[in-house]
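Shared between the two complexes below is chain A, which has chain B as its partner in the first and chain C in the second.
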Partner chain A sequence: MDDTNDTSFVVDEVSNVIKESIEATIGSQSYQQARINTWTSNIVEAILNSLTKLNKPFKYIVSCVIMQKNGAGLHTASSCFWDNTTDGSCTVRWENKSMYAIVSVFGLSI
Partner chain B sequence: MNYSTLDPICSKSSHPFNTREVKEMLEQLIQQTIDQQNEYDSNKCTQLSKELSQIIKDAMKTLNYERYKYVIQVVLGQCQNDNLMMTCRCLWDIQTDNYASYVYSNTKIFCAVTVFGLFYY
Partner chain C sequence: MSIDHFDITKTTDIIRKIIEEILNTNQYRLEHIDKWTRQIVDSCQRSLFEIQNSFKTIITAMIIPKTNENIHMSNACLWDFAVDGSTIIQWENDSMYCVVSAFALSLSITTQLTIT
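Take a look at the complex of A and B:
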């Protein structure tokens, strides 16, 4: 019986969860200053709910950055002190005509 | 006989994650590293964001939190209008896990660093 899927972080599965949440929240929208607070909250909460439904023994950290396309530069980096065999992360970079969204999910096994 | 690994007596850390201590450390490190940057340079900032996350990870190890895993996230960008929002949510144990964050900005560059500490049972 293969139980590695139950106890390790599966990047592809999480990546799909992230993409679906982003598309559902801002897929068809243009950048609006007044709404980005709601959008970022909705994206992270939707992702966290979907991850919880996977029923894996993990603690999760979900972070979302939405930035208007203005020509400004942005860099994100992360470093982690954890167990490489069980823990993992997934970062998705998404864009449309008016904005960028960068979503990172970190999963740490308990 | 099996003892639950989530026994409440064993699961509490004797040295829990201290937000204030970590935030002070972050302020010091970021001001030392970024204060010298007067201009936004794309290549330098790529390198700088990676270096900063490594430096902070190494500094977290010196704080000696026993049985804690860390995730350090650095967001570094060019200051150009108010056009960025960053949000975070976590699914964790509120009795043992916590985070510390610090945002630095000058006229050219902003830097937001978040350190998450998660207890390993």
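Take a look at the complex of A and C:
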């Protein structure tokens, strides 16, 4: 009998961690050039700290992009060479009136 | 038994060449953008596998048109600093920016995970 939740990448769980970190950092803010670096750093650090507390045997990569809403587009693609049975990723797209945030988390089992 | 270390210089060179080949002097074009980002990550993945296949690798590519946009990107990793590695390449021509990030995580059993 094994509990696969203890050692697998659970997308919903990670997605919640991401959303909470974004909301807590920039939820009520408008785009501000002077604060943007702090925000992106705070978001990735908060997410990584929360993921570490899940105590799963994973290495994590967290990536955050914040973009001002000015009308231009952003195109991204990613490719992963990993173990399909154990590894996973989660990308959350978030926006408010003045900016977009795109946060990706990749979890690779050890 | 020695563990392969991530070769940042070689990886950076390979990725830069791939971006050059695919984007070159092309203008930012909505109908080609998806294809280009896909081609970049797929080529990078294949090329990196040929030089160091004892790593799990994550490649992400972003293409942004040159308008007055402000874009900021941050990455953080929980990994084994001794054997894992990453590189971020920024490239531009006169109509667009391209940012490619490559992360390589060793398949060897590691000891200490640290946040970077």
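The rule we apply is simple: the second predicted complex is superposed on the first by the 108 of 110 C-alpha atoms of A that agree within 3 Å, B and C clash if a C-alpha of one lies under 4 Å from a C-alpha of the other, contacts with A are read in each partner's own complex, and residues count from 1 in each chain.
Just so it is clear, a contact is a pair of C-beta atoms (placed from the backbone, for glycine too) under 8 Å apart; a residue touches a chain by one contact, two chains touch by 3 or more.
Please read all numbers here as calculations on a predicted model, not as lab measurements.
If you put the two complexes together on chain A, you find that chain B and chain C bump into each other. By the touch criterion defined above, A:Phe81 reaches both chain B and chain C. Touch criterion met: A:Gln33 reaches chain B and chain C at once.
Once the two complexes are laid over each other on the shared chain, residue contacts for A:Ala72 go to chain B and to chain C alike.
When the two complexes are overlaid on their common chain A, residue A:Glu95 makes contact with neither chain B nor chain C. Look at A:Glu23: by the touch rule set out above, it reaches neither chain B nor chain C. After overlaying the two complexes on the shared chain, residue contacts for A:Asp6 are found with neither chain B nor chain C. When both complexes are aligned on chain A by C-alpha atoms, chain A residues 31, 33, 36-37, 39-41, 43-45, 48, 51-52, 58-68, 70-83, 87, 89, 104, 106, 108, 110 touch chain B in the first and chain C in the second.
Residues of chain A touching chain B in their complex: 31, 33, 36-37, 39-41, 43-45, 48, 51-52, 58-68, 70-83, 87, 89, 104, 106, 108, 110.
Chain A contributes residues 31, 33, 36-37, 39-41, 43-45, 47-49, 51-52, 58-68, 70-83, 87, 89, 104, 106, 108, 110 to its touches with chain C in the complex. Against chain A, the residues of chain C that register as touching in their complex are 30, 33-34, 37-38, 40-42, 44-45, 48-49, 55-65, 67-80, 84, 86, 101, 103, 105, 109-110, 113, 115. Residue ranges on chain B touching chain A, taken from their complex, read 40, 42, 45-46, 48-50, 52-54, 56-57, 60-61, 69-93, 97, 114, 116, 118, 120-121.
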